[in-house]
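Note that chain A is present in both complexes that follow, paired respectively with chain B and with chain C.
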Partner chain A sequence: MNESISNLWSIPLFIIIPILTAIALNIMYNRKKAISVTAVASSFALVVISALSPFGFHWFTGHPAVLPTGGYTYRADLLGWRLSLEYYYGPLQQIAIFLASLLLLFVVMISIKSLKKNIGPYISLLFLTFMSSAIVIMVNDFYHMWIGVEIGSLIVAGVVLASGEAVSQKAALKYTFFSALSGAGLAIALALILGVTGYSNISDAIKAMPLSNGSLASILYVAFGFTVLSWVYAGGLAPIHPLKADVYGASFPHATVLLQAQSKLMLVAIGLLLLRVFGTLPFAKEVMLSISVLTMMLGVVMAMLQTDFRWTLAYLIVSHSGLVTLGISLGTVQGIIGGLFQAINDVVYMSVLLLACEGVYYFGRGTSIKSVSGIAKRAPWLAIAAILGAFAASGVPPFNGFQSEIILIQASLNYGMPELAIVVLMVSVTTFIALFKGIYNIFLRPDDALNNNEKTGTPVPKILYACLAALIFITVLFGVYPQLAINFLTEAALKVVYIPWVP
Partner chain B sequence: MDSKGLKGSRGIIAVIALMIIFVGVSTSLLQLNGNVARGISPEYNELAPYEAPNNLASWVYDYRGFDTLIETGVIYVGALVSVLAIGRGIVRVKGVEGDAPVAPSSMEFNVSTLNVILKYFGVPVIILLVAYALLVLTGAATSGGGGFQCGVIFSSAYLLGMIFYGRKNPLNLSKKFLIAIGGVGWSIYALLGLPGYLTTGYWQYNVGADLWTSGVIPGVDGMAAVVPDILRQLFGDPFRLLLVMSDGTYASTAGIVPLINIGEAFNVIGAICLIFLVFVYGWNDEEEKSR
Partner chain C sequence: MIEINLQLLCFMAAALLVVIGLGGMLFLDNIIKKIIAFTLLSDGVNLALVTLGYVEGGIVSILEPGTSAGAFPENAVLIFGPGIVLTNIVIGVSTTAVLVAVTMVLYRRYGTLKASKVLKGERK
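And now, the complex of A and B:
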């Protein structure tokens, strides 16, 4: 459970490969062949590395830890104060990074196939989105977490801007302005914790936390408040959910696949940080739970009101972020496992729905239920993928959403709050209604223009179908055999509850 | 949002939120006054004489050097995104007619009205600024300064040149060159982690200073690797200094820190100058292709 290795070979590669690839792609700019080879090879390498890597730590710059008894050690399992920046790659990180790299590979292949000219900077930003996700999920350091959130927000703005439309520019500008608060919040929290403990390493800071000193403990409440602010902004939780929904809705649907994965990983990383550092403070979990419930309810209500399928999905992503944070906020082993599993599942089934939406976009009449219909006749496999994705998102067995939502319901009941279980159920039902409203109108409603053989748009690329098939396979796999994913998540949940100073 | 949006209940909520933040932060800072924990910093201070004489340089580019790599990335990404907003790298889906991309027009910028004194005054100032930028860069490990500061000073010289002389200024750097130099800068910084990674397994281990495998500091448990002499000499000797301090004389070297600063300077110059150039003259793919 507590690995001793402090120079795990794979960890730097998760950051350096995306950086170098992004730089190369940006310089290549419109050399499509070179961009295709470089981007696919790099993203495939990331998938392989994440699958094969053992677990352990990496102490960047290779300075040892200072032993309490004097002297230095390179053994990560010994008690010592870290001189270096510390990353950890464990089971949670493995499943999260594997999934993120797989999505990166899919999104890169779809982008190369479907976008025309000058794609270098755009795909460069997709790699950097992966990089920021990998940073936040692996890092065990306040300062670096802040940098991960900061660069992540900027990258999101770039991905949204890439479509160049007015709605994208507006969404990106608003998001950039407000998300600056997220980074700033984390920076102030970092400054206060550094002042109180003298350590930016999260484990060291927890060990040095002056909880018995009443006057200094009050500073921790202020730091908690700012960290929560950062959590809310980075993850798009209520009350700023419209900003994040705009970002999801204004991007290309395939790009939203990566953006929502990044957002979920940030929610998980900052959520676990909140529990580890501030979990013992009275009212901390209650604040987190309130935000989660508000996000879930506002998200589904807004999703029901939308007439554009992209925006329906955007608000559902926000709403389901509340499911993730609900489990984490409960602070019990079962709740945390439920929250983490929900994050993994949510990323997968929302990717199915987003890629199905991408397929609709290729028909050239937008994604509004008012302007597009009858797609099932021209693309029956796309319709099937959307329906299966909707079943998974609504928690229908045998798909993955069912398994994580049932854990969340059980965790809420065991926590003594059946009302939370009712909210989870309500979110499932309203998700189903919101999605099938869109799916019926777009895929199943007869279309006069289609019957007249009107040809618009471009054929849906085969690679999109291949990616959809792979993702649907994962939703069924985790739905039938949930233990496969849960095995990767249990360690993280146990550590947070029982030994929070161990990353 | 205009000021009207802050009237009524929104304004009241904003004021209350700001007051809560202000009270929270200021009372916390007052409580911290005199109670700031030293934590890990004494350890860094103890190690300081073995590395860069400028302690801050060791902190920023060595102990926390990977942090700074990503911070450097913030500047790079900032330029990438800013230029994207102006039009470089806008993408469209094949065969789909979406809304037309927003095309920001370049600034109406005219240098013909500049008076003669300023025009002749400009060249020596630009030369001085560039020289100062180089001075700050070369002194990064021994005094306040570094790659970032060098990049910012150089960029200000470039902006001054653009204001005084327009596009054909003394630092006549093209957009392609700036994009390349920014990327090369961040790559240099990133790849300087490779020698340490290949020899010790630790990314960005300072093979030039080599505090932990060379036996400079005793009592280290667990580092099995040894940095080859050739790497130690290659990255360490060019930057070696003799530090005469009250507790003894130290033959210290900042190792890879000065080289990282060069990478950082390239990155900042590329990023900030590109933002200036594209914000003033815009971006047009066809025009760039014909250049």
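And now, the complex of A and C:
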């Protein structure tokens, strides 16, 4: 354990900086220069804080764990009652928040370049998206977990609406209605756990869990059901995957970069919560595994059927969420490491593909594979980025997707379920086919209009290429040297399996 | 034999509100009615949360001078429920505001409040 022995200074900053920046940007509204300076400085500060912060706790009711013998302890592994609204910043949180803040910085810079009006309110929503992700990944109490998921859902609706198309308005309406349902479900789960254990702090609730009491265990099953509902909703898992795909497909591609990162972090946070709190209930892991497999299969099949590259990516993001949850649902150390590593990798390579898709928009003919072609001739670097992103997403070495998928396959085999390994392989192959169908048509297919020297659209901004280069570098780095990321994830996996009450 | 007391009645009322709200959200076609159904659902959850902390003849959960320290844990009501309700009310209002705003935008575009028509993209 490397925790500091007082309230950690950096944890409140991950919440306060995005909120203050969002308020400031809203006030600035359309003053582009002031907005650019404030937003870039704030997001850069978040990157630096997440990289430099030590590990530790922040207790919102002011004290660390209370020992049964009286007095306090700062050691997380000792048996003590925490009795507080608690946040934890450890290695998993560090790599997750560092990546999220880096993506926020990229998305903010691209938004400033590409949007013409209402920039302030739009970028403030992006900051709040980051904030909700940070809350959910750091929190160790049900109460703040519920608030994080609720706030995140409302912000997603705002980000989707910002694209201003009819399809985005309909997606926002459907998504908000379901957020109301799943939010109410999570509140009921919180109430049931509170009623059964008397604690809101997750560590305390796990220690007080009355698994041997038959009548109370049945209440826990209901609480598990409602928590799974919110997991399915927040991560866009089957059977409500079309809702999340609508959200991804209807947003600006650069906004989807942040939305999918938020979604993956919520999947990880709620998935680990489910394992820690309900992992010992019979059938809990089986339910989670079934949802994962269904999500993977339905996602790739839907991705194959799309004729718009943006929607292909939307369904592939959903499908790859199933890979993340598969690893977590196995509940073994190797499986959890694989799931967490897949979440990190997925966020990175999907961002490459989404930003390449954003680049296609600058040619002014949308992203449908029927209406746009020959982009490689006009923007060869964009085509190379898209192809490298597709290799990473399909699990081709030496990219990061290969490393996490191989861990997932090994974890499935070691768990005694080779059929899960086959599903992972099938998802990889189908992802390759779906992506290259789009990439061939959009980037590589000869273009009649281009041959006639007809030029449409505007030049792709240099900042987009810079962001793509940085993300591809991370993709290759984690592919060649996976231990760099795995070192951050091992502690979280070991804790969930062996000492689940420790955050 | 289940003893009928105030807490049980409140839980039953909460369940009824949740079922009515859920039914309305799933089966009513008018978007405004769906939003009203959502507020009923939210109220049901709030009632369940408040009822959870109810203790018959209970005392306020503040240890005041003169209160017996031994009797306090048994008689004090659970304060977390009302705390969560306050948050849930704020979240409910925010969600309703977003829903109403989106509904207004969609009504201007399609001229109807019927969810079936709006989602198919048909005008009135």
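Convention: the second predicted complex is superposed on the first by the 481 of 503 C-alpha atoms of A that agree within 3 Å, B and C clash if a C-alpha of one lies under 4 Å from a C-alpha of the other, contacts with A are read in each partner's own complex, and residues count from 1 in each chain.
Methods note: a contact is a pair of C-beta atoms (placed from the backbone, for glycine too) under 8 Å apart; a residue touches a chain by one contact, two chains touch by 3 or more.
Everything numeric in this text was worked out from a predicted model, so none of it was measured.
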Which of chain B and chain C A:Trp59 touches, first, second, both or neither: first
First (chain B), second (chain C), both or neither touched by A:Ala180: second
Which superposed partner A:Glu150 touches (first chain B, second chain C, both, neither): both
Residue contacts with chain A in the superposition, chain B compared against chain C: B
Touched partner set for A:Thr280, first chain B, second chain C, both or neither: neither
Touched partner set for A:Leu161, first chain B, second chain C, both or neither: both
Touching partner for A:Ile23 - first (chain B), second (chain C), both, neither: first
Touched partner set for A:Thr490, first chain B, second chain C, both or neither: neither
Partner chain(s) touched by A:Gln410 [first = chain B, second = chain C, both, neither]: neither
Partner chain in contact with A:Val196 - chain B first, chain C second, else both or neither: first
On chain A, the residue positions that both chain B and chain C contact, one per complex: 143, 147, 150-151, 154, 157-158, 161, 166, 169, 172, 188, 194-195, 198, 200
Chain B residues within the chain A interface of the complex: 24-25, 27-28, 31-32, 35-41, 43-44, 47, 62-67, 69-71, 73-74, 76-78, 80-81, 83-85, 87-102, 179-180, 183, 186-187, 190-191, 193, 196-197, 200-206, 211-212, 217, 219-223, 285
Residues of chain A defined as touching chain C within the complex: 143, 146-147, 150-151, 154, 157-158, 161, 166, 169-170, 172-174, 176-177, 179-181, 183-184, 187-188, 190-191, 194-195, 198, 200
Complex interface listing, chain A residues touching chain B: 6-7, 9, 11-12, 15-16, 19-20, 23-24, 26-27, 29, 58-64, 66-67, 70-75, 81-85, 111, 114-122, 124-125, 128, 135, 141, 143-144, 147-148, 150-151, 154-155, 157-158, 161-167, 169, 172, 188, 192, 194-201, 204, 208, 210, 215-216, 218-219, 222-223, 225, 252, 361-362, 364, 457-458
Residues of chain C touching chain A in the complex: 18, 22, 25, 31, 34, 38, 41-42, 45, 48-49, 52, 78, 80-81, 83-84, 87-88, 91, 94-95, 98-99, 102-103, 105-106, 109, 118-119, 121
